[in-house]
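Following this message is one structure expressed as structure tokens.
Each chain gets a letter, A, B and C, in the order it is written, and its residues are counted from 1.
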Amino acid sequence: MSSPNRLRVAQIVFAKDLRIERRSKVLTSQIMPFAVVTLVLFAFALDGDVILQRTAPGLVWLAMLFSSMIIVQRSFAVETADGALDALRVAGADMSAVFLGKWLALVVQLLLLELVLLVGAVVMYGIELRGSGIVLLVTSSISATCGLSAVSTIYAGLASGVRGRESLLPLLVLPVASPVLIGATRAAEASFGTGGTVTSEGWPWLGVLSVFAVVFGFGGSLAFGPLIDD
Amino acid sequence: MTIDTPTSTTASTRGTSTPATRVLGILTIAMTLWLGVFGLLLSPADRDQGDAVRIMYVHVPSVWLAYLAFIVTALASGVHLFGKRHSLQADRVAGASAEIGVVFMAVTLVTGMLWGRITWGVYWQWDARLTTTALLFISYVGYLAVRGLEGSREQRARRSAIVGLLAVLEVPLVHWSVKLWRSLHQEATVLGTDLDVSLDGLMLFSLFVGVVAFTLLFVWLLLHRSRMLTMIDLSAESGLDRALAQRRAEGGASI
Amino acid sequence: MDFHAEIGESPAVALQDAVALISDFPALAGLDLTVARGEIIMLTGPNGAGKTTLLRVCAGLTPLARGNGQVMGADIATGREEVRRRVGMVAHSNGLYDELTVRENLEFWGALIGAGDDEVRQAMSMMGLDGRLATVPVRGLSAGQRRRTAFAILVVRRAGLWLLDEPHAGLDSNARDEVDEILKHAASSGATVMLSSHEHDRAQKLATREVRLAGGVVVGDGQ
């Protein structure tokens, strides 16, 4: 019996998280509808086709931010429901690998959510995808999602370990994730051409988002274990 | 578990003052008075803004000291986390510094709002400095919330240190993204609503006096607050001894 | 079934003057305890005596605020990671994923520690979990079946020290007897077992030793 290496552990945790999500269908049956409802509510609140089209990227990413809080709390509720996180610690599992697995599973779920929100925005807000902006849109969305997922996973680990303090999660994550919101929205605007922006204006934002994702992905893998430890 | 008291312990059991802090306190008061004289009387009013510019002498040093406080928090967090002894003293310094930093941030935000209101009639404009400050203010309020979570002393210290270091990691990222964001909005610079003024010699000197005064204030507050936290830890430790005795007695009584 | 026999002959548990805190409350208030390999220890005592905390300390989950301790040869203060690898714990929670089937749970835990398919199959048959139960999501299992699944994980992990917090709780009489059989079998194969329980009668039949706790310390220790 040999101890599996870090990547293998991450893969096992990743597969487990996605399998649980596939079975329980929380993402598809609860959170995606919630996100779409949010888009509808924005339309009620803002009341105007022009303004909706202009602010569409921002609204999509706001809906993403709020939904991600719910998804990541669910991801850790699964662990704490039957003491699995403690069991993982007792099993001596490499915590940075556990972080990696949960992080990537969250990225996959958030990317799926983004797709749904994008379709929703195209349908409801009337934005148009430009061929020249596709690459920017895809790359910025992926790096933004990676950064957001990393920060959310780190702090959700912290919040889940403390009884009755899950409500701390938004306070911790949202300020830290503000560069992601700013960057993802500006990059999306540049790729759609909203407000007369040109695609090339979006590339600096890809830089911000990528650095953010790397910093918190790396920092998270180091911080996760000590952070949830007793 | 040793409570890790500093070797130069507070001299008096009645308070956190020492001869050193008294001297420091007097210096601070002196510098603040000097700042008042220069800021309110001797330095000139601005061409465009008039006397309203004098708020700058509080606003700008305040923001610099807030950043200094958060750097101290980050360094102390690092010392706690990576030092061999996992010094609780470092953790206390990190906590005290963050508390003071949050206060300085609040002062920055309030004076910034006042300045904007008086000069331009608006409490808030999304200029880079105010926005970054507001975000960091909330981040460090979150840090203080984490410090207050339940757990053993070591666990709380370790958790706070990690969150403190993560918070400082995001400072350049927030700064970068907000600055880039505001640079897109040309209107701000055309209307000149940025809270920056060109500084001549005497104004610059007054600002310098302000920074020195605030730095002394910060050190004074830091020393006192850290010592207070040490005393809180010490009393918790002796509280533990009492709790142990009580617990054992309860056990004996039930046999 | 071979439970880390290679670790050596150091006692399974050796605690000296152990103090452990839950927030600021001293759940363990200077406890001394030595447990030899292969023993079955029944922890008894009133609620709040510190039984759960003692088990968590031995699992390497809760650190010691004062005193020192070694578990399965590893020091609690400096080698908590190693302690955890050598022990297994089943508490009120079982460490299972509700949405996954019994087999998927065991395969997850098995893969996590590099156990092979044979070992997983062996553990499952030992606990009577092969057959129909294997493909049932854990959500749909009875309390006794969940317990058995948790034990199967301990077997797969080859934990040398089994720490069980009220393993009989929520089980009917047959299931409780089943648990006792499993524990006896585990001990005879080299594992050390420490369990907490409120049942003195079972202590007589199952355990080699009963340790009574009160007020965070040991107040009675014997056969």
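Everything that follows uses one rule, which is that contacts are C-beta pairs under 8 Å (C-beta built on N, C-alpha and C of every residue); 3 or more make two chains touch, one makes a residue touch a chain.
For clarity, every value in this text was computed on a predicted model and none was experimentally measured.
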{"item": "Chain occupying the middle, per Cα centroid", "value": "A"}
{"item": "Chain of greatest Cα-centre distance to chain A", "value": "C"}
{"item": "Chain centre separation in whole Å, for chain C relative to chain B (CA means)", "value": "47"}
{"item": "Chain A-chain B separation of Cα centroids, rounded to whole Å", "value": "31"}
{"item": "Whole-Å separation of chain centres (CA-atom averages), chain A against chain C", "value": "37"}
{"item": "Where chain A touches two or more other chains, by residue", "value": "230"}
{"item": "Chain C, residues touching no fewer than two other chains", "value": "63"}
{"item": "Residues of chain B whose C-beta touches two or more other chains", "value": "150-152, 155"}
{"item": "List of chain B residues in touch with chain A within their complex", "value": "81, 135-136, 138-139, 141-142, 145-146, 149-152, 155, 158-159, 162-163, 165-167, 169-170, 173-174, 176-178, 180-181, 184"}
{"item": "Chain B-touching residues of chain C, taken from the complex the two chains share", "value": "19, 21, 23-26, 29-30, 46, 49, 63, 65-66, 213-217, 219-220"}
{"item": "Chain A residues touching chain C - in the complex, by the definition given at the top", "value": "1-4, 8-9, 12, 16, 19-20, 23-24, 78, 81-84, 86-93, 230"}
{"item": "Residue numbers on chain C that touch chain A, as the complex places them", "value": "59-63, 81-82, 84-85, 87-89, 91-100, 104, 108-109, 111-116, 119, 137, 153, 157-158"}
{"item": "Footprint of chain C on chain B - complex, ascending", "value": "1, 150-155, 236, 239-240, 243-244, 247-252, 254-255"}
